[in-house]
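In order of appearance the chains are A, B, C, D and E, and numbering begins at 1 in each one.
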């Protein structure tokens, strides 16, 4: 024991270490079981590779993503440019690698914000019910009855172009699904006896929502979240199609597919390679998600 | 009998559940708001160190009564007095050993919450948890395991430990053994019995298994559609059931070695607690129904020569 | 109770069932021999997970996915069930053998009307399914106003009524054998008694043989002719109800009886210690060994076969060994 | 009794519609840009008076709450207003565009269901088999392929190279069926015009595949997972125990009960298709609501967007109502309006 | 020689705003600016939002374009450069320019006007309120079977002379969502006019190079700068057989001049008529137009006002007319939906069109199908698949997609739109003319045009277009000269430098 430290602190430290060890052990066990799921492993490998490539993009590729060589426009793949050059003579591979950063961030951040907002509101609405619930449920129905694209276009018009504005536009309706999931989860959990036990013990509502119920409903949120990451990236592509989205200097897979599809007749590689990588990432993320689900929550039947 | 303040006493306790039909259904179909009178005027008491058995058919309001007593539900009317005061101080053990423990918490966390609420300082919690586990027949090895790693009986033991951690004077045990195998059931019943002998805790034992109630209770209350119809010391109730419902209930029990041919057959099925009939609740299935049963709720009658044996039945009232 | 005939309607020999799970094989049934004669009611008791349902489902060839019959033979009314497929299996299921499940609420299809569900069973077996046939069936199981009930959905009926409907469906094709898997566990005592009455009446009137799976020894004692006690996928003791319950020979049977509160004040409960055997483990010897008071090291080594104990069969090493004598003394501890 | 419940559920949609109406009204006015300015485009020598006159002609100079109130009043009377960008009545424009969109959305959802239902069932029954795994991979493909990309690839393959199907449009010139309902397929059947029927179906194929791919993937997964769940249910085992043939068990007992989540998702997807198919409509030159509404936004055509969103909201609410009614048919235990 | 200023200036950072269709160009421009050490970045916007922003003065450089319908600086230079005008997005304000422009508007003599415009060009060349850009060619593709077809400078499609090998039907994929109406009095966009001009004829029309010639009118006189007297050709028939005379002409203009004249709404074309005060019938075949003040481009304006049949319109009403339009043009409206396809058939009794624009006579094909195909990739695909004969509005950079196709030809013609990048002149650093000139030198337009626009654009020296009136061909565009740009920027106090290679 460090001198001067209270017993309480030392116990706390011991407990903390123990908890860490336990957590590591259980995480290790989970990973081990995940390791037995071949497709999850394959997915994890692909995801890791893509993420690594994105992080190390400047080291891997000899070009800069926004360096134009207008004379090399439409250079086919295989030559100087491994995956070809685009309509402005930029290296497609480099742009895919750099694009990974933004695309993955868009997916991650929008999903994270959506899960957080939807989750918190859903837990509150589900737990307290009553007016709050009625209001929130009505609101979500109004949002659902409101065409998504209209909002996204409008929001981008209102906010102007930019990464964060795009994120907000995508989150606007993204949270609704998580709200519903969380709310349904809470409704199912809150009548369970362990919640009643916590109430009898005198735990506060906040403790019950945060420590008792939340850990039990978070898995479906995460599983659907992994699916939605892909959807968000595709959504970003659709916004690019309509001419709004992220500033053009930052390559995203969505905008690359969109830019390239017009030239698909004479330069198929422009949109095909980013498309393939997008599908690969979404597929892998979902394989990992599915594998995790099987390990963490075999009963969960979300698609 | 000498007058004592019981540990817990309910006075005219009621708990209703309301369900509102939609606006149109009310206007066009004339549907009314429906009231489920789950508990409808219950006066019971539990003494220090006593086990009160509560039996009755499914849906008659046993669990609701238990929940009102530990303060999970606020009473619609009436009061629960704990040694004369109104702050609830009971703990609860639940029927479903799978749902009653949070699947994401280790035993340490589960017990930790109780100990924290009791105000046990952090550094003592581990020791205290170990003591509790040993008390309910588990070992310290189990501290860091998750509920899914336990069998049903072990989970029920953890549930008991969680309740005990609060050092309660009363434990409401809602069907604590009905989900368990007979062999495990006996273990848990013995555990509860031992605890009572050791700590003097009182139990409200809710069960539809009359054998269990007979074995474990000092007194028994029989409930029918939100009301107590008979209450008596265990032996006296089982030997001399006085309410027609109790009689039917007891005769239906399958007993080892009995043939079951001499049963009293109850007519009809359990009516619902939604807007129950006026007068005696049991009138629809009673073989001895009289005119007065439809008009007036029966008042409690103490069986002569059998102290503490009270029955709510017009038949008995007219006899005495 | 109807007196059982001589002809065997069900004969299970050396049945072994295995669930091949991710965590290794679970040997749910490890060599069960059971025979049921015409008009006989046989009780199958034992703790949860000992393989009772697996045995019954094997007879219907209905083991769920990772489950598989790995050895043994099953004959129903002279036909080899394990050799059946396609049409033959369909004729067996619901035709020769009918099944009643534990929870009527989840066993009746919530989306179909009672009438339709009854009709379906009759149609499959090529029997007439007119309204009057259905009404008669419902009347037989004591359902008031059967005409209306035909148009109901399951949720509109109480648990007891649902179970009656299930029984009516089971009866509809005049099966030789009804397999009832805990038909009353989900019901109230008073309703339970009614349902058991009904089954008994069917057995009496039609001579249908019944296998009743139950946890509740008391139920078995009131209802069955013969009783088989299962532990860890094996039958450990089998004999007439009276014999087995009043003079249990196997330590497990005795343990079970000792666990039941007996409506006698002051009789302490004597629980079996430990926990139910884990079926995913390989038990060379007696699976009850770790929980047994009478065990000797030898019990662990080999598995005893069912021994003929005169009026019954028992599977215990110590049976017949001199020290086993105290069993005789314990015989009185059975119920009267 | 049932009718009243349905009616009640339908009435519950009113506040939603009101909400949608107000939200879209305010939302449009939050957007920067002035409809009159956009309408005038590059016209030179425009005076401020001309602009002011136009603004007042379209009631754009009233305070916001007055505009909202009068808009709501007019909507109640069934008047959706005048479209500035298309010099026409909004109601008329929507009535023209709606059948095109609905026709495409229905075709897409039919294709999606035609793929998803059998695939969902097979993958559930053959759980973890090769076919299960490969169709799951395909479904991810469906989810993660942008519709416009799929669209152009389909056009290149089937129209440009193979020349099997037309690239775009709703009908070839001369084969447009005479107007009855506005749904070309239906109209050609009603008028007994076989060539027109064939032609409009040929035009429907590619866009509905492009549009239906993502929903097909989602619905397949939903059906698969709920089938996996119901196949484990007691009543399925019981149906087998009654001697019911395996296919009948799967269809009558398992599938029907597995449909509830599929109905929910299909409802939401249809809703999504009705509002979000702008991209496919552009690629395939399909004159539907999506293009109308996006164009309306870009030109700040308030009445047009408001009207379109109202129609969209109404369809969405209706689809959900139908889904609700379907639930009670699928599972009589449920009461109309109570969500699963 | 000027002293080399210290390299301690501040960095210049610029955001270039554009719409999605000029995204690539904006990226290229930004990339070139980055080359000389300017921190440049491009952003794409939705048009109205961007406009609202830069009209607030919140943006720095924005890509805009503006078209001239009159082939005259009147509807280009004035709205873009005169103080306070609607299209003056750069907030340019030079009293001298304002004065010259207003003189040019009212001058009646073309030589004087030309001289005035030359002077304006000299001034704005030095002032550079924009980064002067280019004039994009109108590009379209057609099947090789199509004959007698030319891309028109004002992006309209005239089908009077067109033939298609082996069929009497021509199908055209228009690059738009919808046309607004078939009523010539009730629209204001070019796309709608493309279709309408094949159904309706106007008093006058234009030759391919923009000269105004009589069409329905036989001739006209201008007794004084505010009076135009038109003589109408006799024997012209509308599609319904009705004869076209002065009443119809007067009616056509009155329904536009009159407030709430069309279906309760005021015609959106009203503003296009400028100072037109009245239209009076002299006799059955002469009409006098009186203006409030001189308006030299009036005949140019009249090209865009198609004559409608008075009796028919009064009979069926404005809505009925829009449903079933009847004109005096080469084709009759048959059927169609404005956002899907519009079908026209040949009008056999056509008077033949402008005699100065041979061939004269009925149209040479019998059916026209206009299809709305907003997506360019789809139009190209449809042309390749043989579904359409003309793919309108081909983005220049997509011309390559058709280069290998023997069945398709790509054609282009100088356009009438000027493309540039406007500065926000009210805020630093672009209030400094040196910075503006520097940026004009810093951008390599020739490369951009050669690559992104496939060579299908012409550099502009100022905001004027070569096809329009009064363009000074001797004024050479700013030269690409990064060294000069760097020098100017350093003088303005910015830290920039040439790329070190």
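By definition in this document, a residue touches a chain if its C-beta (ideal position, glycine included) is under 8 Å from a C-beta of that chain, and two chains touch if they have at least 3 such contacts.
Nothing here was measured: the structure is a model prediction, and the numbers come from that model.
**Q** If you take the mean of the Cα atoms for each chain, which one ends up farthest from subunit B?
**A** Comparing chain centres, E lies farthest from subunit B.
**Q** Which chain pair shares more contacting C-beta pairs: A-E, or A-B?
**A** Spelling it out, more C-beta pairs touch across A-E than across the other pair.
**Q** Could you give the separation in Å between the centres of subunit B and subunit E, each centre being the mean of its C-alpha atoms?
**A** Centre separation, subunit B to subunit E: 87 Å.
**Q** Could you put a whole-Å number on the gap between the CA centroids of subunit C and subunit D?
**A** Centre separation, subunit C to subunit D: 54 Å.
**Q** Taking each residue of subunit A in turn, which ones touch at least two of the other chains?
**A** 153, 157-158, 242, 261, 264-265
**Q** Touching two or more other chains, which residues of subunit E qualify?
**A** As it turns out, subunit E has residues touching two or more other chains at 46, 48-49, 53, 377, 381, 384.
**Q** Where on subunit A does subunit E make contact in their complex?
**A** Against subunit E, subunit A makes touches at 66-68, 70-71, 73-74, 87-89, 153, 156-158, 160-162, 242-245, 247-249, 259, 261-266.
**Q** Which of the residues in subunit D end up touching subunit C in this complex?
**A** 127, 232-235, 237-245, 252-253, 256-257, 330-333
**Q** Can you check the complex and tell me which residues of subunit D touch subunit A?
**A** Its residues touching subunit A are 15-17, 19-20, 23-24, 27-28, 30-33, 133, 137, 140-141, 143-149, 152-153, 156, 218, 221-222, 224-226, 228-229, 268, 271-272, 274-276, 278-279, 282, 290, 293-294, 297-298, 305, 309, 312-313, 316-317.
**Q** Residue numbers of subunit A touching subunit D in their complex, please.
**A** It is residues 39, 138-139, 141-142, 144-151, 153-154, 157-158, 227, 230-231, 233-234, 237-238, 241-242, 254, 257-258, 261, 264-265, 271, 275, 278-279, 281-283, 286, 301-303 of subunit A that touch subunit D.
**Q** Could you pull out which subunit E residues touch subunit D in their complex?
**A** 46-49, 51-53, 66-67, 74-76, 78-79, 85-87, 169, 171, 173, 177-178, 180-181, 183, 186-189, 259, 265-266, 268, 270-272, 274, 335, 337-341, 343, 367, 369, 371-375, 377-378, 381-382, 384-387
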